[in-house]
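For reference, chains read A, B, C and D in written order, and residue numbers begin at 1 within each chain.
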């Protein structure tokens, strides 16, 4: 295993206390590591400290597979929740879709163009329609039709398939089914949904119709981690576009598509680059 | 009365039907008027036609005080709701405030700088605090303290004062009292409020705290006409600003102030220039 | 020829004068046309009047192929430059590319998804690289390699090909060659380029490098009609994105791609829907 | 001197090398300091490391007036350029204006409202017009009329006045004179100008007229440190607003005013909070 150009990243959260920054950076320095990114955030109100630290493995005097072990004592001393990631690991991502292709297309194109560093071995859908899109990018397409009666069983099969493919990140690219609690908890903080409104405005169904009816002057899109409560998960990214009385619902849908694509892609990219930390029902985005 | 440089503006809404545009523009042309702005919108879904038409009085062969009479037959033929305004009439505007000064300051400065074409003879408040601000701009400040017991009576007095000052437009510049139905209906479509969130998200109290708790990545402000239902009136203007986990509630409040000022000022300016038409619970903004 | 659902659009420019709006709308009304969009603009400084008028052909009492003849006397009376378009004509669009695929991909996807109402029979390039992209959308790809010696001859061949395919609109989707005067003048106001900066900042080559060097906090993209002078043509649409010191040139390029795609697509869509009028070196966009 | 609630801030730049982060944070930790903000940036291309570190003085086991001495050995080891600031020092700011009041008004209002942590003892101008604005905020106004003949002498007098008032930061709030080299170099990285365009577009005079002529769809404003070359200094902050063919030059000026105010205020606030580091002709903004 060659470590040239490879970086290690620590994502840390723990109760705020003195000496945290020094202890962690000293750990890197003591072993001759070269830090290339370090950022932290303290939530004063809740007394939580969150940190992201990235350093070069080349020249680091702890072998890659011993880094975790070497860091453990520090983590224990401060009561840290932590993750360690290496930049040459390519995460495996599955995309769930229904009938709308724009987000799927956009994600697959970005993956192929090198914008999203991930393998995409699998697209799953409750409809057969988007098979040609997936297959034109050489990606396996699995169709899991869902009825109220079969929903639980199908989700179990989908979970099995995700496991079989060793999926790290599930992306709901306008997947129009609400997933059950088991599914959601299995991919806690590892499943991203795009909601086609500026949450918390217009949660639930038909947000563009709601926006049209309300007469808003700006529409939005929101990418968030999926939690048990619909459209309530930690927000990763949002963006907006200006609209006017001249825009019909169809215009909002069309303008919204461009928002959905770019907001979802940004959130997925941030996640894949280990830039997002969840705490409570919020995210810290180290961008 | 000299008509040089003066324009007349018609604001029209009626059921959509053939010949509307031609009939109205022919009315102007027949009397040698020179149209300098014409815009219209058809809400296809509800079959409503809305139009704004502005033309020069100079050279128009109907005397200013006969224009309305001359137009009436056309309006009746098409079943129009309409208003006629002359650009040399300077609307009279009152500002209602509580303790926060930023919007009041901004409005008074813009009025004095010539950005808002209005007279501002009156500031009213349920608190005494902002008297120096109003008076530094030479504006009368009236203090109407409000308790649950005195609310109805005080609002009646405020209404009387507004009437006495012949106020055309009431602006709630962070006025923290909910006004009663009588007050609201008396200034229907003539009372603008600034709400410090991106409505319909975070309606009601303490929107910045709500936004902070929800962990949104963008905050907003909304200017709308006041209706009986709180924060539900027709939206005139909205704008947003990006925030991050680094922003405390105090930061949101500070960033929000800049939004509130500019969104409210834009809405007031649009109203004063006769650019807003209300229909249903929405606005058409002819900008 | 069935006129149900078909609209006619007039795009007009002429010296400003009285009676213009009335004369034109009266022309529609007199023949029982139903106007569904009318917008105009007067450039006070230069005394130019510009108008867009769209009405339903169904029920209009002038046959489609006689509309132009019927309108001609009005046009002559006011000295109008004008165009007449019917909504059931589908414009034919060619895309010129070099090696970068993102804009080409985006345009072809939008065309297939129905966002851009155009036929795209032809992609031309000075490189062979993007043939698979074009062909995956079933579009013919023509390779015209260009050297300083062959440039003039190749452009003549490209022009012949465009003519053969009866192309109405040429889109330069990151085409990295400067086109000769003959080519440019043949497609005056019918050839759109995307420049990867916020013009007039960073005209010419390598704008992202220039932006990085200058340390700007915002980057942009500009879609404009191509004229003889490089990057100086009438601007149709621009948009921007925030950047920071954390962004390398590669990050600017990546963020810029999203801007380029969406700005070019908006400009092409506006043009295809007959919403753009050029006068002097500027555009009026009736959106 | 009570240190409760007071923070110390280090702003550091030096050649990139291993151990920097660890050495600095260890310095804080070793003396029981509690870091509340730490951010750094490495310009890979130029091999420059830049850092901002802020920690609480309370509990820090180095006396305030010995912190610099204690840090010096570390700074020398790594060849650092560095500054040390304490949060209870209130910087002294002078504003230079000509005839336009909006930025001056905005700055003085924000200072009084507590948004800008600075004292403002002095406004200087080449015109007498804005005396009432300054004095309504209780600020001394000094009038230095400038002619080509008197320019050098007047600037010398202005410099003397700034020195006399121990000014830390000079803000050019639409000051319409180009300052001489001596003046500029004396306040290198301590003098902020607002330029009313999206630099580098429309540098020099009358940018709104230039923007109108060019037909741009977006206008901007830029706050930057002043250097010898006009409008070429390191950019601190920029923002933009959408415009259309409907906007006259006067409209651009009006919309631009809102941009200028907010962009200048943000830049000044960032500077006052020690969030800006200059290197080469760029800034790093630790926000």
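As a working rule, contacts are C-beta pairs under 8 Å (C-beta built on N, C-alpha and C of every residue); 3 or more make two chains touch, one makes a residue touch a chain.
Given the structure is predicted, the values throughout are model-derived calculations rather than measurements.
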Shared interface partners, meaning chains that touch subunit C and subunit D: A, B
From subunit C, the most remote chain by mean C-alpha position: D
Pair joined by more contacting C-beta pairs (B-C or A-C): B-C
Computed distance of Cα centres, subunit C from subunit A, in Å: 37
Chain centre separation (subunit A, subunit B; CA means) in Å: 42
For subunit A, residues that touch 2 or more chains besides their own: 246
List of subunit D residues in touch with subunit C within their complex: 41, 43-45, 198-202, 214-218, 220, 234-240, 244-246, 248, 280-285
Residues on subunit B engaged by subunit C in the complex (per definition of touch): 18-23, 25-26, 28-30, 32-36, 38-40, 42, 242
Interfacial residue positions of subunit B with respect to subunit D in the complex: 101-102, 105, 109, 113, 115, 136, 246, 254, 258, 262, 287
